[in-house]
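Two complexes, one shared chain (chain A), two partners (chain B, chain C).
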Partner chain A sequence: MQLSLPEFHVRGDCMTAAWKRRLFIASFVWPTLILFLVFTVYPVLRGLHYSLFDWSGSAESMDYIGLRNFKDMASDPVIAKAIRNDYFLVFSKIFGIMLLAVFFAVALTRLKLRGSKFYRFAFFFPNVMSVVVIGVLWRFIYNPKLGILNGLLSETQGKPVETPWLGDSSYALLALLPPAIWAGVGFFMILLIAGIKGIPEPLYESAQIDGARQWKQFWHITVPLVWEQIKVSIVLIMLTSLNGSFAIVSVMTEGGPDNATQVLGYYLYQMGFKQYHMGYASAIGIVILVLSLVTTIMLQRIMKRDSVELS
Partner chain B sequence: MLKRKASLTATALMLLMSGVLAACGGGDNNKENASTPTSGTSKNGAAETAQLKGDFEIQYFVGGYGDAWWKSMIAGFKELHPDLNIKESAGPKINDQMKPRWIKNDPPDLVYIDGAGGLDVGQAVKDGQLMDLTEWFASAENVDGEKLSDVVITQPSAIEGKLYTVPLVFGSWGTFYDKALFSKNGWEAPKDFDSFVTVSEKIKAAGIAPYIHPGVYTGYLIGGFLFPAMVSANGDDPSILQDVSDLKPGIFKSEPVMKAVGQLVTMRDKGLIDKAAVALNHTDSQMQFLQHKDAFIPNGLWLPNEMAKDTPEGFEFGYIPSISQAPGGKYVANPYTSPMAIASKAKNPEAAKAFIQYIFTKKAAIEWAEKTGALMNLKVDLDSSKASEVSKGAIKFYSSDNLIVAPAVPIQADVNKEMENATLALTDNKIQADEWAERMEKIAEKVRSQK
Partner chain C sequence: MRPFAVNRIPRWISGAVLVLWAFCVVYPVFWSIMGSLKDNQQFFNGKAWALPKFPLLWSNFSYTWETYHFGRYFVNSIVVTVGSMALALLLSATTGYVLARYTFKGSGLLYYFYISSLMIPAILTLVPMFFLFDTLHLTNSLTGLILLYAIGALPFGIFVIMGFFKSLPRELSESATMDGASHYGVFLRIMLPLAMPGLITVSIVNALSFWNEYPLALILMNDPGRYTLPVGLAVMQGEMQYRTEWGPLFAGLFISMVPILLLYAIFQSRINEGLVAGAVK
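Let's look at the complex of A and B:
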């Protein structure tokens, strides 16, 4: 008995230490986890729950209808159109933003431009503006009779141009791209600049000595070493586009004309709050969630490369 | 549709106007005054009607019309029923604030539906939130002993044959033009569709686009042109709008509706509709109209007020209720209204009914016109009142023999949206009239099957 006592003590101390450690970790994990559960997981589950009901969103009465909202979506032509539009925006934005962001980032770091601080500020500027302001601004630019774009076109072509950029179903969606890309470039440019600045200068110097020109340096040094940032940027653009196209569509076209610029996010809002189908809107929300997840995983797979690490 | 669109646009106007009011330094109307029970129990005992007791809660949106009229009405009602504890749930954000209570089935007794986020009457009826007022309204009298159904300008609109609302604010859609511009150019204001087409072609020849509308909110074109056109095409019988509201099978392929749509096609094919319209919202289109880029615009009677700050010197608003009638035909006024309704779960429905009976009087209507500059849905002579000249002119107008006041019918939200989409596509030559009818019948069928 007497022998076992110290052993017990030792074990007790061990447990206290382990518990202390656990408590220490928990004190960091739990607050965030609780916030995450309350503000992310719970609403998602609630949305999933509502998606199984026929509910107007403005009354107590809810009818359980199982998966009918999802079945209805399959035969709703607007859903198919919205998904197509969403992915058109996603891929066009990835292409447009990455092209410009990479170009500007390289130009402002590697190409020793004068006034690079000014350009950095100028390109980043749209990021501090609200999407609403951007949308309203571009509505003015696109205005068929009073807008600056048609004004310039009229000047250069010598005849009045009154193209209703946002009103013609053939090119309204295309017209959403310039503001969306313009608004997005700055942030990713900064992200890439940070990445490029982290690349040790001697790498470039030795490449220079070996006779590699800017173009080769870009492909063989810059791109592999900022690949992580590029990957993150692409996934972020995809996510913000799938979940955030609502804002620009809402301000600029409200999904029109005749659903030509409809995206899932705006259609969710329209169904839930303007047409009183909150259950259906929740089902759309679930689809957005699933699409975001699937697309993220696919993009991650496609962009997988052997990581290059600086030692 | 009209009601909803009207309330949406009215909201826009109200926000604008309340902004103006606030900018003027007053801003009293915008003060948050939700849930302030009216206190004071002065016992003058002068009331001859049956005394009402208990709590009575009224929800009203405070926007461009302010709340002075409401305060005055509630004070008067309180004097009549000193034992009634009146609770006002009011303010510019009241619709959002009260929404949870409507969802939880704990609504106020009486609601004035207006402003952003306000109840959608059709949906609220479907959800069983509003009280059936059919029987009551048929015999209800105001405190002056006049039958309500006799004194109102526009009758309450029916949903499946039943009445759930009483329109309080009244105005109408129509077509606007600049009188000064027309007289300068020797153009005549159209009296019917033929003269509209004739003068529009002259206008076009003079280098001005004849007709602009906000394509982003096609409801303006539908309210200001298409619906009156349906009534004209139906031999001036406004019951067609009730049929549209009820989604009678085949109604969108019926002759009057197709004739009205055909008039739109005529306007399109003759190039009378400004090509820019598809891309514009209401403000854009109104600015173009004010800048004489376009001659006509479909809009509501709020337009001169809404654009007061941007109206150029010498611009004279002219208003035509409808331009779709055949030569010699009557004008059709397609109204927009903001209604009052009683909750089906009202705890004090008697007080709610009594309050409606108290406010639908000539005295209250005059006070409304004087305090808000708009019209209340009540036939009244404003000549000797302090109401604005616009209000005085408008109220006379509605009692003219040459004018039909159509009912303000609710259009189900899905049908409304599809009608906006299809009508815009039609005016932009993306679809033709038969496809329009096909699409409308399809959505109507879908909505009917969901009932």
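Let's look at the complex of A and C:
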């Protein structure tokens, strides 16, 4: 009897302790989760739902049309063009950004050049600027009469050059690349630098003793060992391009001239908030989601094979 | 310096490319500052790279600040950035702590739920968010924007903060619990102060993205009195089709950049760390 009493006492205490723990966890989890459900999960589901309607945004006019928005998209030439442009931007950015980022990362770590601290500071700087700031800045660089680009070209060619870079459909899409690459390189360079710094120095030293040149060291040590970072970078460039090209297009070209720089993100905005086809706009959103998922999976497949080959 | 077997010429070329790129990055910023001190005359008649003539036109700044309401936008941006920074910290530190230090029914699921939501493109929610805000009467409300930004930053915040809480030694909280501290007491008095570096890193990275956010602010804030700087700057640029005031436009550009420049100059290494931690999952 006397022994079981304290035991009982302890068990009672445990019960309240368990409740205290449970309450504590609940109070830390639920407020965040509820807000997250309302402002992230619900809108996504609502977006799926809206995509099945013909809807101008006002309450009365919501017509259920099943998958017709998606069928319409298949025959909408602007959608085809936007997807082409999106992927042109994605692959050009991957190529341009990775080339520079890998080069800078290696140069600033392995080549032991002077001033690497300064370069790291400067190169990352465009990454912290707003897309709007970048867009306004580059629009002015491209300005036909007042911009730096044409100013330089006029100077070197000895005659006034007034090419409207953003207003000519044969240049406009290409002209979106330099700002995107300019603004993107720094972040991926930092990511790769972190990766390279994690490679044990003895690996390089023994390669050195074996007489491997920088170039060989790069391909046989650096690339395989930062492959994880390279993969992440490529997927991130793709995702941010598909999901984020809206902002830069909106500030620099508004999809023009004549849809030459149209991308899915901007077309969604234009359909929804300028022409009030909310259902169609939502359907474009779904397409962006599906494309980013499919492209992520595909890129990861492709790069997985390479990683096995290299290591 | 170790004697690496690097040829002289590739080294020189590498150095030259670095200098060239540094110029490409720094010059446009310098150029926009120069532009903000010019009048239209100098834009139209001078070379694009000409330095501004004396007297420097500092009045462009006050002109943009007042006539283009950048003062208003600046205050809005500060309110939204600081507000959502605080809220994001509260929401992600609590959830991040519980996920890092407690195992409970559904904790693993909850973690994957937050992390996988990073895959959802924000642009997908543009239309539904517009109507959700309309229903909740949050359109043109800075509070609404604060809420939205804070929640958007959750997956990143939870992920990074979790890492910090996980790295703290378990004995610390155990001994405190022995001494009779409550769960809240352990969190507030022991764990939170120790995780401070992580919380600061997350907050700074968040602050940058809140200050710069454009698409959501564009569709949700229609009243010019509620514009944030990116929206205000984009609208101002749009107006340049009708009246050309390049000096003031550059001044606006610079005003939008200054706080970010300062933040970056002070916290560069933290920002780098935070972004790297957030990217490699």
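Assume the second predicted complex is superposed on the first by the 260 of 311 C-alpha atoms of A that agree within 3 Å, B and C clash if a C-alpha of one lies under 4 Å from a C-alpha of the other, contacts with A are read in each partner's own complex, and residues count from 1 in each chain.
As a convention for this text, a residue touches a chain if its C-beta (ideal position, glycine included) is under 8 Å from a C-beta of that chain, and two chains touch if they have at least 3 such contacts.
This structure is a prediction, so every number in the text was calculated from the model and none was measured.
When the two complexes are overlaid on their common chain A, residue A:60 makes contact with chain B while staying clear of chain C. Using the contact criterion defined above for the overlaid structures, shared-chain residue A:243 touches chain C, although it does not reach chain B. In the superposition on chain A, A:259 contacts chain B only, with no contact to chain C.
Of the two partner chains placed by the overlay, only chain C lies in contact with A:123; chain B stays clear of it. After overlaying the two complexes on the shared chain, residue contacts for A:33 are found with chain C alone; chain B is out of touch.
Comparing chain C and chain B on the residues of chain A they touch gives the larger count to C. When both complexes are overlaid on chain A, the residue A:146 reaches chain B and chain C alike. In the superposition on chain A, the residues of chain A contacted by chain B and by chain C overlap at 57, 139, 145-146. Across the complex, chain A meets chain B through its residues 56-61, 139, 142-146, 162, 164-169, 253-254, 256-259, 270, 274-276.
Residues of chain A that touch chain C in their complex: 20-22, 24-25, 27-29, 31-33, 35-36, 38-44, 46-47, 50, 57, 100, 103-104, 107-108, 110-113, 115, 118-126, 128-133, 135-141, 145-148, 150-151, 182, 185, 187, 190-191, 194, 208, 211, 213-214, 228-229, 232, 236, 239, 242-244, 246-247, 250-251, 265, 268-269, 272-273, 278, 281-282, 285-286, 288-289, 292-293, 296.
Against chain A, the residues of chain C that register as touching in their complex are 1-2, 4-6, 10-11, 14-15, 17-18, 21-22, 24-26, 28-29, 31-32, 35, 43-44, 47-49, 91-92, 94-95, 97-98, 102, 104, 110, 114, 117, 119-132, 147-148, 151-152, 154, 182-184, 208, 211-212, 214-215, 218-219, 229-231, 233-234, 237, 246, 249-250, 253, 256-257, 260, 263-264, 268, 271-272, 275-276, 279-281. Against chain A, in their complex, chain B makes its touches with residues 99, 102-105, 119-120, 123-124, 126-129, 215-216, 275-281, 284, 287-288, 291, 293, 413-414, 417, 421-422, 424-425, 428, 430.
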